[in-house]
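In order of appearance the chains are A, B, C, D, E and F, and numbering begins at 1 in each one.
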Amino acid sequence: MVELGKYAGAVMSAYGLSLLALALLTLVSWLQSRKTKAALDAAQARRDARKAE
Amino acid sequence: MELAVENLAVSRGGVPVLEGVSFTLTAGQVLILRGPNGSGKTTLLRCLAGLQPPLAGTVSMPPEAIAYGAHADGLKSTLSVAENLKFWANIYGTGEITRAMNDFNLTHLGARPATNLSAGQKRRLGLARLLVTGRPVWLLDEPTVALDQASVKMFADAVRAHVAGGGAALIATHIDLGLEAAIFDIGACRADPDSGAALVGAFDEAFE
Amino acid sequence: MELAVENLAVSRGGVPVLEGVSFTLTAGQVLILRGPNGSGKTTLLRCLAGLQPPLAGTVSMPPEAIAYGAHADGLKSTLSVAENLKFWANIYGTGEITRAMNDFNLTHLGARPATNLSAGQKRRLGLARLLVTGRPVWLLDEPTVALDQASVKMFADAVRAHVAGGGAALIATHIDLGLEAAIFDIGACRADPDSGAALVGAFDEAFE
Amino acid sequence: MPMSLWQYANPVKFMALSAKVLPWVTGLTVLTLVTGLIWGFFFTPGAVNFGTSVKIIYIHVPSAMMAINIWIMMLVTSLVWLIRRHHVSVLAAKSAALIGLTMTIIALITGMIWGQPMWGTYWAWDPRLTSFLVLFLFYLGYMALWAAVENPDTAADLTSVLCMVGSVFALLSRYAVNFWNQGLHQGASLSLDKEENVSDVYFQPLLLCLAGFVLLFVTLLLIRTRSEVRRRRVQALEMRERMADG
Amino acid sequence: MIALLIRDMRLSIRAGGGFGLGLAFFLIVTVLVPFGVGPDTAILTRIAPGILWIGALLACLLSLDRVFQLDFEDGTLDLLATAPMPMEGAVMVKALVHWLVTGLPLTLAAPLLATLLHLGAEGKFWLFVTLLIGTPALSMIGTFGAALTVGLKRGGLLLSLLVLPLYVPTLIFGAEAARRGSEGMAVTTPLLMLAGITAGAVALLPFASAAAIRINLR
Amino acid sequence: MIALLIRDMRLSIRAGGGFGLGLAFFLIVTVLVPFGVGPDTAILTRIAPGILWIGALLACLLSLDRVFQLDFEDGTLDLLATAPMPMEGAVMVKALVHWLVTGLPLTLAAPLLATLLHLGAEGKFWLFVTLLIGTPALSMIGTFGAALTVGLKRGGLLLSLLVLPLYVPTLIFGAEAARRGSEGMAVTTPLLMLAGITAGAVALLPFASAAAIRINLR
């Protein structure tokens, strides 16, 4: 580990919070991507079914 | 003067509602617009009045010739009947309200604030607005809502006088107004979801 | 169960509008309220619904037995059709909305936000509310406004089913609903400005 | 048919192309960002005035720069929508907003945490800090407007107009705030024309982190824009369903 | 009544309405103050508890006119008045929802925003406590004002005018307690008074509000 | 357009709405501040110009959601859009009326209210001048925000969120000029900037606002 001295708290919390925010953003984006993909597939399937009628 | 609509397609809230609407309305004519609830009468009238652009098709007449009477009357409840009417007369540059007040039997209510009118009286005031616009083509959306039979007759007379003077009127209504009029049913113009108007300019045009 | 109104006098905005209104409405009966615009139909219904006290006279039935359908439908534009109806079902403790949705042909619109309905669809939703109140007496103020003919029939059927089940309905309307109903015309009950109800409880009673 | 950049404004082409490049950009992002941050965090010395707290710079500066640049990108794509009506363009602006907001928050948080040891306070009404707060509000307002309007095309038009007008006022407030208070914040030490640039020890990992943040933005933007395109397509399909059953 | 609670919560969250935005307004007022009075730290610290209390109060106030107005305009209030639910209950629910979507989030956010005005840790704590005790009174009193003005077009500003004087005692005791707390002085008396106001408002005002609504519908 | 001007003025005065009440709100905010921050004269004098500017800004803000909303709800806006008048003109008139019924009365009242906060004669003069120059920008910018949110239910708080950051430069220059004036320093630069913002807003924003309304009606 690097020696951070008296700034350890500041540096660690700055990195921690920032990485947390980025991770959350990525997670949200990824989950949304999955959700919309599923929704699109479902909608497309419904439409194909309707067209087949 | 002629309102010619050709192959019009319109959408509401992003959903195409009508396509292939074609009709002509000439001076001296009344055309009744029929169609069940939710078929798109209001949407069509809003489009003709210039409030929303069509998806496709052409309208021969600029909105400047058209007076639109919507579901809502645009009355200000704190203004008196005469003040409400006078305002529109000034906006349209005609300035004269006596005849309109007379024709819709509002004269004795002139000084009453609009909030204290009954539903039918409010509607009569909303219709009187048409007379002060001085515009030749009237587009009316269920104008007789809340009117009693005497008032319906009064309204029919006003329409008759208007077309006799070279005007024209397109009226969406569910009831029989007792007017000699052609009927245009938009039930047949429902937009097909998988082709035609539904695709023109829509977001997912490229997907199909 | 009987709604008996005796010698009722009512005022609107401080002005006495009707006096000497008397009629009875028994279970299984429909009564149509007629009268020209501004004659006081809305005022009478509001009074019977308990929203405003009468100037004079008696009403035999407490407002708790009454479901009131006003000019406005009280829909929340951001809630879906089903949510709107469910809310009223819960308020009235009935909780069940499927039949109401069916009877007014709303099932396929269930998930649509109320703001995206056409005028007639909104009205149908407003009328469906009556079914979920579970109350025996319906007071309706121009219920068929904006409805097309198919929907008017649907409404008439609902009323018929309601009275067949022991309910009753008092309906203010200007059109012919095709119901077997007695007619009560309030045109004759206009308050006389210089006597009678106009004075009861009015500010200047003591001056006369 | 002449080939041009505009063809990727076609949602189908965009989906096809972005699907191809996405894995590569993602890989590159992880590589750059991880190297940059590890280099900065573990292998740089403390600085004279800042001590080891200088390590915060590897997050603070890239996020601050991105926060501003993303707004500018949104302005450009909004204009493209208003002028050429390309849906993908405005959807990209919509997708970028949340990324921009996160960057703004990160810059603010790291700055505040850094401020406590350096200036003895979490917050000062320094021009740079203040204009970031205003930027934060602009992002919030932009996103709130998107959320509040139901019709997607109406929302696109309104938010684009807001973005244009907002940019002018953001510039104005930047000037206003400068005029109002001289401030505590560092000047621009990254500018290339300056003699006294930060020494290479800090500069090289910082550049790498900057590249990492840009790549991260591109990756997330692609993912989010793809979601938005799909969502929009689902909406269109649902509308067809509504039309089909009246 | 639970149905009404659920519906109103849903409406305020759905519309993107009450929830985040009351908070956003509070944030923005807090931010504007330094823009107005300038960036001097000592002054900002000194006026922080008072300004934050005023900000919370205004954020509450701004959202009041929607408590009944929308329901009145679309006719729901008429229908509710004829429904099998006491008007007092409906009023309580409305006030509760107003507090849940404005008062509570404001209270939670206040300590964070206090940082912008350089308020110390102790000051933040007391600010939080006083807001937690005081905001229910703000919602209750505000609901009463909204009931009085329901049905008046442009009632919004009249509503502010009616309600603000009623808010004065709450504000005085709340801000005073917060300021004393931040300066390390005793806070018992103003805090008790504040709690008293809240208790009184919750116990009595629903009846007055319900009466006001019934009169306005007539 | 004159007809619209007359009608809107009449509406705002008749309803007991805009006119007296914007002013009353301003008064009450000014009165609340001493309750919130305590009665210390030196501090009140110091923060007076800023607080009065913020008060004026909030009073403007509060009345914004009525600029178009009422006309939208009762269908007037649809009818106006089909009337022989450019939407830009209608927007200008709306902003002008808003200024006449809020900005102008506020400006006239500010020097009086400043007495409550112990502001000196010179401070009052500059407060008056800056408000006179700055409030038209507030009305114009606010009208733009109102145009963006017309038709949205519960648009009120969203409107505040959109408009407040747009108000920041006006507030900073206005309050700064007033403060410098009250302390006897040179005011030319901020005053020129303030005038520039007003001129720019009046010249350009009507187009943006009219576009927003047309989009919203579509």
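Assume a contact is a pair of C-beta atoms (placed from the backbone, for glycine too) under 8 Å apart; a residue touches a chain by one contact, two chains touch by 3 or more.
Keep in mind that what you see is a predicted model, and the values were worked out from it rather than measured.
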Query = By number of C-beta pairs in contact, which two chains lead?
reply = E-F
Key: Most distant chain from chain F by Cα centroid   = C
Key: Same or different residue numbers at the chain E/chain F copy interface, by half rule   = same
Key: CA centroid of chain C to CA centroid of chain F, Å   = 45
Message = Centroid from C-alpha atoms only, then distance chain C to chain E, rounded to Å. What do you get?
response = 37
Remark   = For the pair chain A and chain B, the C-alpha centroid-to-centroid distance in angstrom is 50
Request  = Would you give the residues of chain F that are in contact with at least 2 other chains, written as numbers and ranges?
outcome  = 15, 152-153, 158, 161, 164-165, 168, 172, 176, 218
Task = Indicate the residues of chain A shared as contacts by at least two other chains.
result = none
Request  = Could you tell me which residues belong to chain C and also touch two or more other chains?
outcome  = 71, 78, 115
Key: Footprint of chain B on chain D - complex, ascending   = 10-13, 87, 150-153, 232-233, 235-237, 239-244, 246
Ask   = For the complex, which residues does chain D have touching chain F?
value = 134, 137-138, 140-141, 144-145, 148-149, 154, 157-158, 161-162, 164-166, 169-170, 172-173, 175-177, 179-180
Key: Touching residues (chain side chain B, partner chain D) in the complex   = 13-17, 38, 190-194, 198, 202-204, 206-207
Key: Of all residues in chain E, those that touch chain D in their complex   = 15-16, 20-21, 24, 27-28, 31, 34-35, 38-39, 41, 115-116, 118
Note = Per the touch rule above, chain B residues touching chain F in the complex are 46, 49-53, 63-64, 66-68, 70-76, 78-79, 83, 87-88, 90-93, 129
